[in-house]
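First the structure, which I've put down as structure tokens, then a few questions once you've had a look.
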């Protein structure tokens, strides 16, 4: 059984079809990337899955359970966590205290809080920053904090929204490594990303959105060679 | 200068012993100042549970001082035949209960407001309670309410109330401390930092806010009951005061918003400044509090704790 | 029938005055995003200044409006530029605390200088009244209402048609863009505050001729202004007028039919209700970006 299934999902914003009849399934324990040109609907997809936006048509199931129309915090309680591109740390708290909030209030309640917090910080490679106030962190470190706090909630699915945006190559590599560690620990990862080399390197599967439609769904190699995908990004020779 | 827990505990224990012995070696004027300091500290700590921890700064907490005080007075009046020693507990219970009910009722609508709107709405609550108390004869706000003397025979009432204030303030400090180190407290801090993100991480924000609001209100009311007894006679103006509303905020601002001991330090300092340094210049009190606030906001918005933190950071 | 007509008329007259007393507060909230808790004190300053001028110079209090507005304009400019500007930051708590502190200081100062007793300004036509159908209107209230409406219209015209008004509106809508176009935002903020203070002072004079006043009223006038803004909308004289009229009607109707102890209670309940349902008021935020 897939961890997350999306069936015939559609979203209209007053006549603008942002998502058109998209269906896919995410296997547990995998890393899936959603890519596509700007405006393709990638962030909207995340917003629909987490219940931030109401959908127009279709169904979303998580661990077999229908989550269509559920409130955001209910969905969070079921085990879907999200790491945002614009990090929102608790600025006056330390890194440890930030991650601890996730462990205290996540799915399945507060058990082994300290251990869970440390584990999450280690997976996100920020254990060394534990005592520092969140306000003193760099952008890259804040992204790691986002991930750490999200997985401290013992979520089964992590949705990472452009985790590498604005990072230099070293920071990007570090973030990709974190996502790998997260997957190894048993958390399924779905990310929206633009950084192609990273996407190709780390993903088990790649979904390609263009103008709200799913135009490709397969392994990185298959997708990279798919003429529809190339056309979506680069255009065809005729359209000048 | 980070102290380990045992050192902190010993320091606090020593402070408590010294404070408790106060009336035995301090002249009467200073015993009264001590009363005010402990009263202010308790109020500041109670306010801080909602304002400092959760970040919901109320500009109208005097409402609960008044509600507590008048409820206690009216209830005790009905049971005036009871021995003096039972009257205070009765008043405390009645005042606390009434504050709890009031807080629980207004929590639902008022906690949906954020920041400035919440602050002003609470100021409105304070003014409305004052108006109703003053204009409705049943509450006797304009006529005034009498409180029978309850100090045990042979003990100076000033000393008696000093010790009562001390016990109350310590109790509130204990509650505040326990909240801060609990899961509830961690949740409140996260609400203060970023309420929406806290919610998305699973913090039951609405429930926690309401609980903090009720606890804060009840503890404030308790202090109000003791205050009324120590005065012996109260009118609307004795308890529903805008400068009290402001002072509660200044205690935390001065000592460090959101910290455990911040309100205590701020309270002690502010009372010391207004009562001891400016003691003779009675007319100057309000002016001085206002001036201090202006200076604070402009130069040290993080309070004393903030200044200490800044010095630590520039030193490293 | 007569009673309800009278009550409504009284409410409208009071409402017009409430509107004037709130419009300055509304402007500051809309443009600077500052809640000026010393607003009531500025209103009272206007009243006391008019008291001094009219008694010293033996002129009609309404004629004191220009000089008082001039004085408060300068005071307001300096207050914003040199004090409040430094406290403005991402948490508006600081500016609220600062203005609250200043309010306390000025209230205390007023108590020293003028004593806490109730005062009032009595114009020469104080005991004349007119009858309009079933309704009694006294000359003082009528002139107060007229003054309020004229002043509100002047402010609306200023904001709509004058260069200053345009700059203020632009800065309110998009501060960063205004800066990039060369607007000296601090100066504009100070000018906005100055205008607001001037109108607060004018409101004080109008209030002073119809109601007795004392330094202890300052908190009430600030809260009043807040309620008017929440009711009618932020940043526009029209919003202040609607909010003020509504508040005036609620006040007089409550005082007449529920009891004199309850106008403020009803006002407060209305405030909370509106904050929950439509926090930007009936006309919304005048400076919010339009679609």
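For the reader, a short list of remarks on this structure follows.
By written order: A, B and C. Residues from 1 in each chain.
By our rule, a contact is a pair of C-beta atoms (placed from the backbone, for glycine too) under 8 Å apart; a residue touches a chain by one contact, two chains touch by 3 or more.
These figures come from a predicted structure and were not determined experimentally.
Per-pair counts of C-beta contacts peak for the chains B-C. Nearest to the global CA centroid, when each chain is reduced to the mean of its CA atoms, is chain B. Chain C has its Cα centroid 33 Å from the Cα centroid of chain B. Per-chain Cα centroids separate chain A from chain C by 51 Å. Annotation: 45 Å between the Cα-based centres of chain A and chain B.
Contacts from chain C toward chain B in the complex involve residues 35, 83, 86-87, 89, 91-94, 96-98, 100-105, 107-109, 111-112, 219-220, 223, 226, 260-262, 264-265, 268, 271-272, 275-276, 279. Those residues of chain B that touch chain C in the complex are listed here as 57, 59, 109-110, 112-113, 115-117, 119-121, 123-125, 127-128, 131-132, 135-136, 242-243, 246, 249, 253, 283-284, 286-287, 289-294, 297-298, 301. Residues of chain B touching chain A in their complex: 183, 186-187, 189-190, 193-194, 196-204, 258.
Contact residues on chain A toward chain B in their complex (touch as defined above): 72-73, 76-77, 82, 88-93, 97, 100-102, 104-107, 110, 149, 153.
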